Amino acid sequence: MIYREAGQIKTTYRADMAIFPITQDRIGFMIIMAVAIVAIPTLASTYVLEAFMIPFLIWGLAAMSLNIMLGYAGQLSLGHGGFMAVGAYAAYNFATRIPDLNLIVCFLLAGLVTAAVGVFFGLPSLRIKGFYLAVATLAAQFIIEFVISSFPWFAGDNMMGAVDTPAIVLFGWQVDETVERYYFVLGFVVVLTLLCKNMVRSSIGRSWMAIRDMDVAAEVIGIRPLQTKLIAFGVSSFLAGIAGALYAFVYLKACDITSFDLFQSFNILFMVILGGLGSLMGSYLGAAFVMMLPIVLNLLTTTFLGGTGHSDFIANAEHMVYGGLIMFFLIVEPYGLARMWTTTKEKLRLWPFPH
Amino acid sequence: MSARKLGLALLAAGIMAGTLSGTALAADKSDPNKEQFVPVLVYRTGPFAAGGTGMPGGLLDYFALLNQRDGGINGIKLVWEECDTGYKTDRGVECYERLKAKGAKGAPFFLPMSTGVAYAVMERAHKDKIPNVQIGYGRTDSSDGRVFKYSFPMLTNYWSQSSAKLTYIAGRMGGHDKLKGAKIVNLHLKHPYGEETRPVWDKMAAKYGFQVTHIPVPWPGIDQKSLWLQIRKIKPDFVINRNWGVSCTVPLREAARIGFPRDRIIGVWWCGAEEDAIPAGKAAVGYITAEFVKIGQDVPVIQEIFEHVYGNMKGNLSAARVGSVFHNRGVVWGIVMTEAIRLAHTKFGVGPMSGEQMQWALENLKIDAARIDELGATGLVPEVSMSCFDHEGGGRVRFKQWDGKKWNMITDWVNSDESLVREMIEASAAKYAKEKGIAPRDCPPTGRFAKN
Amino acid sequence: MSENKPLVAVNNIEVIYDHVILVLRGVSLEVPEGGIVALLGANGAGKTTTLKAVSKLLQSERGEVTKGQIEFKGQDTKSLVPNQMVSRGLIQVMEGRHCFEHLSIEENLLTGAYTNKGGRQKIRDQLELVYSYFPGLKERRSSLAGYISGGEQQMTAIGRALMATPSLILLDEPSMGLAPQLVEEIFEIVKRLNTEEGVSFLLAEQNVTMALRYADYGYILENGRVVMDGEAATLADNEDVKEFYLGLGGGERRSYRDVKHYRRRKRWLA
Amino acid sequence: MDVVFFFEVLISGMLSGVMYSLVALGFVLIYKASGVFNFAQGAMVLLAALTFVRFLEMGLPIWLALSLTLLVMVVLAVLIEKLVLSHLVNQPLIILFMATIGLNFFLEGLAQGVWDSQVHGLDLGIEDVPLAAVEEVTGMFISVFDVVAAVIAGSLVLVLSIVFHKTKVGRALRAVSDDHQAAMSVGIPLDRLWAIVWAIAGVVALVAGALWGQRLGVQFSLSIIALKALPVLILGGFNSILGAIVAGLLIGSGEKLAEVFLGPYVGGGIEAFFPYVLAMLILFIRPEGLFGDKIIERV
């Protein structure tokens, strides 16, 4: 009886259209926010914030950006690492070349630049589909890497190739301490996630899903495929660009093209699939899994086997466990961690009388 | 169903244990005031594992030797914790955050083990006051210690190396004046690390009147046929091999295919390990690379490691790798870092050192020939003379050649073109200082830069 | 029910998907040797699930038979996998045909002979037999199955099943998306196969009129339960069936209270 | 322009391309049999080559090392089928794709964990030197090794094409890739077929691994070659064995010509993305690749 929508009667349209129509979900959301805003910063160590929470939020945002494209609009992209790079370098250039530009504006501009790039590389999506579309986005990945590394202008004509990002200053407030940087990222993530949540429930979200499920049929009922797909590319790469800027400015504190290579694109894809296609929450669950699990495995071996004299085999065993767990989770629940959550809710709804 | 629950439980347990382990490890049994904690980054898996095990292996072998033979440094035992980055920058940052506060006084210094990690922790290390030490790699312009207080690209940096290579090439051609009209191809990885030496080659080409062609190798560089077809058209006198991992080996094969002499390929030291030459087989014979240590087992300190460390089954590598390129570099790192700890003890008293104290020690470190002999490291380590002005403290390079079985040292220490390199470093560092709003410290030129 | 020993006996099975969704509860049915049995019901009543439970295809859909048992030729099928069912003579033609789009019609048919151990000549003979029932397919034998019409695909699918020389074919919604004439044609062929080749059929259909015309016996499924069964003729005569499945309500509307009365009656029997 | 040089670039490019085709072939096999893009193919190349070279280093004669490695790959295929794939039958293809990513990590760890992460030299006894005759007549440098590799790749393609298009098992495999469940419904034993095809893919991986291993040394980087095989795969069509080889020739020659003749004008290194651009351009004309099965869309 803990989780049940029965008895929650919606009396207004507003209530019916709320983001969290079920009270328990609403309470759940409040709890998550309370934990994220109050509990984590006060309880977690600097290490946990720096090494887990900040990158987790950024990767969650990146995964959400791909999930919008893949999970909602059905367009596979292996270029999101490249889009993040565009965002990072765009933000770097805005921040260093236009003095006194508010950093939030700067990030948003970077997002827009990335969106433009994303839309450009999304053009082939009208004709090319599925895994074949992946090639277009792979080309995007490599072309972006090539352009950024070929023209030193992007890296501020720096002889070193990699560049440090400027300090984050907002209205005279220097975002420098770990907790401050955590809030900075959290702010972006919460606002953008709520916006996305609303977007996927709106008519654009529905037309994405229609395109995903059967684009020819969607076209027949009056959805313009190219426009819809391009909006998905645009929104998705906008988010990816912001995630990239956050990654460079807040996490790495450096712009280095090698941090946005193909493997990061793959990682984002893993997060989306493991988290659950077409679930915003799944993006974050997936990000947690893909980003944190290897570190946790590593910490576990360090804890239990001591921090010295690891054999190569143990390092490789971590890979094996990680790969094994991916397969294990897929076998147990192919539709991702988010679906696991839904199934659990289903069980709670029936509890204590299953059938 | 039970399997699913088990999975979730495992995940939950994993995350719990992960977050808790930070505290769990701090509670060590032995007296923390008698120990010097050192963070050690490794990468045991992936395409660069040869270096990622070899160098930490040598470093730890030397630490083990000191613990075993001398009972540590002035009675302070060295203890360490490894962290595997897999050669990924983000994991490197995680490792930095994980290890920076361990030990009695936190990490005394940090060896990032990759250029990407070196960049990513540059600012963090500065803020945390932990010296970021990159020996033989890293951010070249941080040799200007006035701007980069906590970054130490020690022994020699890439620009020094490139100028030393030119000195070597000039020697082969019969003097710097013979360089005029010569052709050199700079075959480099298309990657910030690979591109970093382009400006110095351009500058030297202008100075000495030779022609340099930069040919970027697209990652991962497993097939460089088209590049070598271009090289064949150019007919260069020398080819610089500035790659990393497998892309170091491929040029040797390609050169053999078109009959380009291998002793005219001069590799960066990161293309100069056994692991780079062996896979090329016969194609590698004659290949020459730069080096900043001495290779082989015929050094007393390496012998001692063999005896004390491997003799007591405390070795960190398979015994066959002792004396190999990566291992000896690791030993040299160990020597340099422990000498700095020793120096710190003389000023701050015997005990675990903090990052700030090590910053002082590294800036004042001098290892002269007499001390090197005393350490049993004659020829293994170049002389070091650090200062606030000069965070490189050396800049000398040796060259070695592959004979099909092993590396043979073919030159003694070759000097770099100090004034040319220093000028570029200062320009780049000044730009950084301006961007970051750092006021450079006021330090007088010292050692090799002192104006007499 | 016929006197013969049943070919398939489904005994009180319960099917759960994904560990949570209960789809079938206590379904029992029998298919006699040489019979055509119809399984009737609306969308989502559980017809397809029943067929897949029998053919063992359920395994690949995260579904699970949690209670009851299924016997084929007197043998419990619990531990068998689909290809074992096929080689024992039970094959399913899935809803929506499921032809192999990138294979030609003939290649499609030949895949059906995968378990046919009779050798090359036997397979050729069987192929000719199939073509004799579906002459249209022979003409288009080299066309890709993805490009042929729905009716041809349905024929290909049935022909493909025949290639395995089955004794029982589970036929799921053969009428789906086809023109009435084509449906009629296909049912005629089914009937001929039944009488001439002695193949038994278990037929899941929404088109109750058609199914009851050709079947000997019928079961009506609702919400995962068998609510009614009987000889085809009896069912076709039943007032409720007429009203709700055949659309032959007698003139005036009845009150809502009467609508589900047979359900009430049947609830205690299920 | 120097004509001889042009042809030299063209021919050596084609020979390079064939080396990519060898790797692409492994992908094609598994795609053809299950519709799955096998991300772990690169790891399989690594595992096969590493196993082979370590057996050789133990002092086994080459035929024994080869047979033992083959055995390992077959056992591996059976295990993969039993433990992973059989549980994922009929799931969306992206899920199976994801599972192969997990498998990729697992195999990378396994290969390096059981053997090691060091670099091993491998000498198959095929000389990697210019063909003297060709050099004398034309002035072109064409390596013996490349020609041998091309011949091996060609024969593999021939044999596999026959298997897929002329045999019962081949037909069944193509049926499986179209529709898992329908294949099961007509009595095709998915488990056995998948084990077979993964075993064949393992064998192809061994061939690719050994040839690449001689050139690069047997080391982790072998798994990265998969990346170069990707555009070949896409251009040729995921399920065309012939396509893999033709696309290899096209991509190889295309990227070399581009790098040599266009590269210097844009800073060089365009080989990294040029194959993808080439593949993309051709996909505009044929969205299913040059030789891939037509994409059939019905509403």
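Letters A, B, C and D mark the chains as written, and numbering starts fresh at 1 in each.
Throughout what follows, contacts are C-beta pairs under 8 Å (C-beta built on N, C-alpha and C of every residue); 3 or more make two chains touch, one makes a residue touch a chain.
Only a predicted model underlies this, so the values are computations on that prediction, with no experimental measurement involved.
Participant: Out of curiosity, which chains are bumping into both subunit A and subunit C?
Facilitator: Neighbours common to subunit A and subunit C are D.
Participant: As a test of understanding: of all chains, whose mean C-alpha position lies farthest from that of subunit A?
Facilitator: Ranked by distance of C-alpha centres from subunit A, the top chain is C.
Participant: Measure off the straight-line distance from the CA centroid of subunit B to the CA centroid of subunit C, and report it in whole Å.
Facilitator: Chain centres of subunit B and subunit C, defined by C-alpha means, are spaced 72 Å apart.
Participant: Round to the nearest whole Å and give the separation of the Cα centres of subunit B and subunit D.
Facilitator: 36
Participant: Using Cα averages as centroids, what's the distance between subunit C and subunit D in whole Å?
Facilitator: 43
Participant: Would you mind listing the residues of subunit D that make contact with two or more other chains?
Facilitator: Where subunit D meets two or more other chains at a single residue, that happens at 108-109, 112, 117, 227, 267, 269-270, 272.
Participant: Out of subunit A, which residues touch more than one other chain, so two or more?
Facilitator: In subunit A, 146, 150, 312, 316, 318-319, 325 touch at least two other chains.
Participant: Which positions in subunit B touch two or more other chains at once?
Facilitator: Expected reply: 44-45, 49, 53, 190, 218.
Participant: If you go through all the chains, which pairs of them touch?
Facilitator: A-B, A-C, A-D, B-D, C-D
Participant: Using the touch definition up top, name the residues of subunit A that touch subunit B in the complex.
Facilitator: Within the complex, subunit A contacts subunit B at residues 44-48, 50-52, 55, 96, 146, 149-150, 156, 158-162, 164, 166-167, 176, 251-254, 256-259, 289, 292-300, 302-303, 307-310, 312, 315-316, 318-319, 325, 328-329, 332-333, 340.
Participant: So in the complex, which bits of subunit D are touching subunit A?
Facilitator: Residues 37, 83-84, 87-88, 91-92, 94-95, 97-99, 101-110, 112-113, 116-117, 227, 230-231, 234, 238, 266-267, 269-270, 272-273, 276-277, 279-280, 283-284, 287-289, 295, 297, 299.
Participant: Touching residues of subunit D toward subunit B in the complex: what are they?
Facilitator: Residue list for subunit D touching subunit B: 5, 8-9, 12-13, 16, 19, 108-109, 112, 117-123, 128-130, 141, 143, 212, 215-221, 224-225, 227-228, 255-256, 259-260, 263-264, 267-272.
Participant: Can you name the residues of subunit A that touch subunit D in the complex?
Facilitator: Residues of subunit A touching subunit D: 124, 127-129, 131-132, 134-136, 138-139, 142-143, 145-146, 150-151, 214, 216-217, 220, 262, 266, 270, 273-274, 277, 312-313, 316-327, 330-331, 334-335.
Participant: Would you tell me which residues of subunit B are touching subunit D in their complex?
Facilitator: Against subunit D, subunit B makes touches at 44-47, 49-50, 53, 190, 214-220, 222-223, 225-227, 229-230, 232-233, 245-246, 249-250, 253, 256-259, 275-276, 278-281, 283.
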